[in-house]
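Next come two complexes, and both contain chain A; in the first it sits with chain B, in the second with chain C.
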Partner chain A sequence: MNAVNVSKLRDIVRARRFFALVRKETFQLLRDPSSILIAFVLPVILLFLFGYGVSLDTGRTRIGLVIEEQTPLADDLSASFKGSRYFDVLEGRDRRNFDAKLVSGEIRGIIIIPARFASDFAARVNPEIQVIVDGSDTNTASFVQNYAQGVVASWVAIRSVEAGAQEGGSTSPISVEQRFWFNQELTSRFFLVPGSIAIVMTLVGTLLTSLVIAREWERGTMEAMMATPVTSAELLMGKILPYFVLGILSMTLCVIIAVFLFSVPFRGSILALYLLSAAFLVPALGQGLLISAATKNQFLASQLALISAFLPAFLLSGFLFEINSMPVAIQWITFIVPARYLIPSLQTLFLAGDIWPMFLKAMAVMLFIGSIFFILAARSTRKRID
Partner chain B sequence: MWWTRLKALIIKELLAVLRDPKSRTILIVPPIIQLLVFSYAATLEVRNVDILVLNRDSGHWSEELIKRIEGSPTFRSFSHTQDQSRVQDSISNQAVIAALEIGSTFSRDIEAGRPATVQIILDGRKSNASQIVAGYLSQIVGRLSLETPSGMKTQNTMINVVPRNWFNPNLDFQWFMVPNLIASIAMLIGLIVTALSIARERELGTFDQLIVSPLRTHEIVIGKLIPPMMIGIFHMTMYLLAAIFLFQIPFRGSLIYLYGGGIIYLAAIVGIGLFISALSKTQQQAILGAFLFIVPAILLSGFATPIENMPQWLQPITLINPLRYFLVIIKGLFLKDIGPFEVLHQTIPLALIAVVTLSAAAWLFRRRLE
Partner chain C sequence: MMLPDDNIQSEFVRLSGISKSFGQNSPALKNVSGIVQGGKITGLVGPDGAGKTTLIRLITGLMQPDVGSISVVGFDTKTDAPSIQGLIGYMPQRFGLYEDLTVQENLNLYADLRSLPLNERTAAFDELLTFTDLKRFTNRLAGQLSGGMKQKLGLACALLKKPKLLLLDEPGVGVDPISRRDLWKMVKNLTKDGIAVVWSTAYLDEAEACDTVLLLNKGELLFFGPPIELTSRVKGRVFKLTGISGSRRLALSRILDRQDVVDGVIQGEAVRIVTTADMNGNDLADTAGKNAKLHAAEPRFEDAFVDMLGGGPGGRSKLAEAAPRIDDQKGKLVIQANGLTKRFGDFTAADGITFDIPRGQIFGLLGPNGAGKSTTFKMLCGLLKPTQGEGRVAGFDLRRDGAEARNRLGYMAQKFSLYGDLSVRQNLDFFAGVYGLSGTRKRERISLMSEIFSFAARDNMPTRDLPLGLKQRLALACAVMHEPEALFLDEPTSGVDPITRREFWTHINGLVEKGVTVLVTTHFMDEAEYCDRISLIYRGRSIALGSPDELKAGVATKQQPDPTMEDAFIALVEASEREAAA
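Then we have the complex of A and B:
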């Protein structure tokens, strides 16, 4: 009975010690306005930019349209270009007027309806239209090409329908019916917003955590803590718990903005959202701890966090770029990027709903990566005391 | 006299960053790795596409269509199914990005000259990639449709749209990506190195010593300005060599313009870094402050989306973004061989940003003193 009491007492002391530690860390966290800035202001800015400014949907692109010979047919086609919602058309007679504008980036492409267009069209000898694009911006270049092709194709289709009465011909013999599931209108905001939530949690979990703890190493307060009866596991847990909570709060803010301000649909369950986020914060925080323990210096920690967490979350996670399209060696690297598992799950959660097999697999992998980070971090922390 | 003082400060600043072997490594190795990894990874081209085919037709035309898709280098793996529910599952679980459905009357419709349809179901969660895949598939179908009996008849009225890509004939994505990355990574490193410089001294208490030294305020600013610029120029040179010799990207413009514009760009970056640094009390604030600038700066630079496509009210904000101007310079010099006038046109705003931020930083130092 005595033994039971002692062990109970020890538990109470331990719990108190732990809560004292967590309280200290929380105060420290709240005192510095920069952590609030990164956890609450940056997410808002990021979501606003993705919500309003930066979408991958191109709006109207400015192009030059050269009609070398004014004919009713050329005018008809040029009206199609001017009516397109993808183009802002500047009209001219001579290509040379536009060349310099294309170099300076004032226009993104030049479309040329050549002098022989009408006569070739009448003679049915495959009339030509030229599309010159600025290849230095490859995305915009292919957009201009594709949309120009689209405008021409639909113009041909309309003309042949008009002429169809006598010819008996219709539009294309085989038509393609496209259906985009989960995001019918292909709003890029809908997949950018879930992705940016992962970025924000990476910043809070890895960058902020690694900085704070690296500072403690720099100042020697970490060693001071280690001299106390606190075990190193308690110490690490006490350090990261407030950041875990901060990460969850920051994610909640993002979701509220995404759903209520940008009307991104949320088709999954709140439970799945929090489980996935919690599972993601494990490797994110573990990485932050590991970085700080390995560098013990704020400058190095910030650089490492940037290189190993922030940029991969942006570029190697499938957020902006397809992982399947990357070279195989780089695809292998993506396997250790935790955001790679979170982002598809979040996109699914928002746009498709709960698909548990996918979520569970993602959570298992994230927890696995996280536990490796924690083991490594605990090791390099222990080594330091010897 | 003033030069000796300044030189001492510059050497001290360089040592502060370069003395520690870990810091030296982190300034050299990761940027190179970043350039390598990200130039290969960051592609909007879509390759190795997995696709599911549900073919209910047993005729010649569906077979031909599938053969053509299989022959296209874009597609990696094909799975066939007769089960509608597998289509649903494969797309939902992201096992495939697209599913192609061919109805049972496909070949008969074509032979009879009736309009035939194929259906493509795509994963809208990846709206970009799936749009590109839809484009590829439509092209293949379009070409096939010209060979059908009714397609043959209309063939001569088809209009050939002849594309010509200036500056980048094959629309090679790396030609676009690498110059963009050079400018962005240079900003990333320059800004963090500088933002930390004063904050670190303040945290360690050495900033007061610097201020009571015989150095004048503008000398301190210059002394803090030059070392990160030297590091930045070193980086740019490294990247430039990698871009030209490793990625084989043509450099068509003048190196003098590039370095001229680059120096002013770095001065603007360092100015912003010093300004952030002067505002912050701790290194943590400085780094996070730098981040608060970097993320929007990259998104609002015209790197990923053209500035003219952003909403009207947002466009004026991009005017204070140094990356915006330097992207035009570096992409222009790499691919377009732009002339001195265009370079100058972009450099003037950079110089203005540099002057404003550096004076603001100097003013803040002095004010902190009182």
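Then we have the complex of A and C:
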């Protein structure tokens, strides 16, 4: 046999070993209900939770409205509040009636139209109203504050139009119309769905992968594998490939549910979706391998995966919390969280369409982080058991 | 110790001055040298923690020695591990099977991994499946096979693409004696083709059947050579004492305290003794009563091992001496099992198990792993609710008065389930508390236990770091802290060295003489000899019940006039299977 044939034969042998490992892993995966649960049932639960349960939208917020002196002007403003679609108004004459309700959370804020409101207005001194909010829930507090300002502003505008009309003037008031692009209804569900896709792929890529490798150590099968001519690269790649496919399938399921059940718009291309997801799975799987190289115990592996991959993907990726509003030190940490690059890209992909410069940059960063994980994992995974 | 070097060709493994340590612990192997030859079974013999698994891993090249070198079929494990891994078959302790793959899928996987050419597969699979008698089960998941079948499949996987060297790590543990015997025959056949086999075991009777033995104890090589060479050191010093009048346990205790006795164990109604060279035969027999007689017996590997370790412990048990005598209502039934049945779904783990144990007796449940011993055991301690039947301890029905019954029993779980992170003292404290001891009595009992088992020096050591023998002592101390009248022992001495085992049984024998009733489960045939009566459990049913001597006598034939416990077990299982088939 000449040299070419020998090396060809070796390739065939390697390929066969590799596919034997992939086949084994696939059989195990299909027969293990817990993998199916994590890859297919969990995403559905997660999407339904975010789709129906968790919503960052404000509906009608209940507030107290105190009118200290009943004047036609105050009544007019109060009618504006009552007519607002953002507020559910309880009316009273004394602030003290509402204090307890604010503390108990029954109402989210108190708006006070003071006694001298009418006289100030007549005197064209800047009339003031007071807004008291529950600062313990900053999100709602700022909503109340902003919407209250909005109500007052439009009321002032309408008043001045009416006043101008009476005076015969032609001062047309400037009306500000807000317009949100791409998500006109500002439905948070549309933002949350792409985020949950990242979460699901983190679970499959990192948690599941590190668990199944730890399980092989615990059951002693890893040792038996290692005593055969298999190389450690074959062993690791044989593990990764099936979970890569599983991650992609799981992502596909998420997208189908999001688009067809929750009517999340899908304005980008399928190619971009799969490229982004594939690029994200590289660091996710790399991290799973790294964890399993560090621990040979399923419990520890799951803890490490949850803390180092799942929680950052949840909290430090811009999924639930705006990265720009985090402390600077934390913002720096987010740069090594792969989900941070995937989530904005997916949001853009769903709601705006393909923006290739953004996607390519995100993919490059994710592949870079992934390759670091893989290098570290390959270094610490030798075919040794001591 | 001499290394045979006449036939270099047959030298498959050469160990030269191997040492290996893990962290701060005492070394796992200390300066071990030896040779494994082709066409022979080399036994790697020793109790748990002796260094057997470490040595096998070193031979596979998955671990490297700190000192010394190993060459396998001419390759050095340090530099040529991949070449070695292409030539060996290795079956690790849990057989290395994927439980969620079928028998055939496991075989396919290993065939691919070992690069068995496709055109040879059909023949190889056929041969191995016939050889292991697994043909009928090719589509069954490996996880659903019995222990014996798993073991055979593990062997088949290791034998794909015929290896030059076969490494088997404790293949016989917990497997039923029939499978063990089958496996032994298969491996013996392989050596005819020139394969070198390394068989590691903690069972000393397996050691006897090997061609060569590496005997390890605490990482040190005690002996290297044919087992017969080792047993010859006690030749003419091994006896069987029969016709003992009175309690054989008391007789043993007296005998063990004699200067001219090295070792002694109970064997059914008789006592097996190893003496010093200058013993006084008549005087010795007299210790056991007028009718007692000494018969010369065939020396066994275990006799020689104990002799080599400097003899067994004495016959006195401080634990038993400190225990109060329970002699109310002699002959009262302390533990009763009446038709105990447990079903898990459509699987019957225990089927109508019935026996009773009078005060001051040892009763054994003997059978392979998965036979239903532990299930029966757990029903009797009130840990598992029987599907049918009832169990009683000290007269209390376990269904109604489980707590009362549990207060009267001491339980020593398999593998000594102590809290590894707690110190010796904390474990004693904890178990004393669990059993409701407090105040002065608690302090007294704990200090008594510390004194009897000499825990003082290690009071603050985490239990995890204790040597196996001490763990077992501590587990016993925790189980007897509250002076229970019934003692439940689950595989109490599996894997411990023979000296620790003797010490343990000296305590148990002493306690039994004081009136404690003992129920013990074991898959260890030798341990069954300590029992007054045993029940053979096989596939959830009790297939025989009687004293060890009765059971053995029942299967004696002309060809086999003096069967061992294992012979008896095999014969009885075969008889019950014939019955089931008929």
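Basically, the second predicted complex is superposed on the first by the 345 of 386 C-alpha atoms of A that agree within 3 Å, B and C clash if a C-alpha of one lies under 4 Å from a C-alpha of the other, contacts with A are read in each partner's own complex, and residues count from 1 in each chain.
Here is the rule we use: a contact is a pair of C-beta atoms (placed from the backbone, for glycine too) under 8 Å apart; a residue touches a chain by one contact, two chains touch by 3 or more.
Since we're looking at a predicted model, the values are computed, not measured.
Which of chain B and chain C touches more residues of chain A: that partner is B. Of the two partner chains, chain C is the only one that A:Gly220 touches; chain B does not reach it. In the overlay built on the shared chain, the residue A:Leu208 is in contact with chain B alone; chain C does not reach it.
Shared-chain residue A:Leu249: touches no atom of chain B or chain C.
By the document's definition of touching, neither partner reaches A:Val6: not chain B, not chain C. When the shared chain is aligned, chain B and chain C each come close enough to touch A:Asp32.
By the document's definition of touching, of the two partners only chain C reaches A:Ala20; chain B does not. Residue overlap on chain A between the chain B contacts of one complex and the chain C contacts of the other covers 32. Chain A meets chain B in the complex at residues 32-35, 37-38, 41-42, 45-46, 49-50, 52-56, 58-62, 102-105, 108, 121, 124-142, 145-146, 148-149, 152, 156, 160, 169-184, 186-188, 190-191, 203, 207-208, 211-212, 215, 295, 297-300, 302-304, 306-307, 311, 315-316, 318, 320-322, 324-327, 330, 333, 344, 347-348, 351-352, 355, 357-358. Residues of chain B touching chain A in their complex: 17, 20, 22-23, 26, 30, 33-34, 37-38, 40-50, 76, 91-94, 110, 113, 115-131, 134-135, 137-138, 141-142, 144-145, 148-151, 153-154, 156-169, 171-173, 175-176, 188, 192, 196, 200, 280, 282-285, 287-289, 291-292, 295-296, 299-300, 304-306, 308-311, 314, 328, 331-332, 334-336, 338, 342. Here chain A touches chain C in the complex through residues 13, 16-17, 19-21, 23-24, 27-28, 31-32, 219-221, 223-231, 383-386, going by the rule given at the top. Of all residues in chain C, those touching chain A in their complex are 22, 57, 60, 62-64, 81-82, 85-86, 88, 90-101, 105, 108-110, 112-115, 141, 157, 167.
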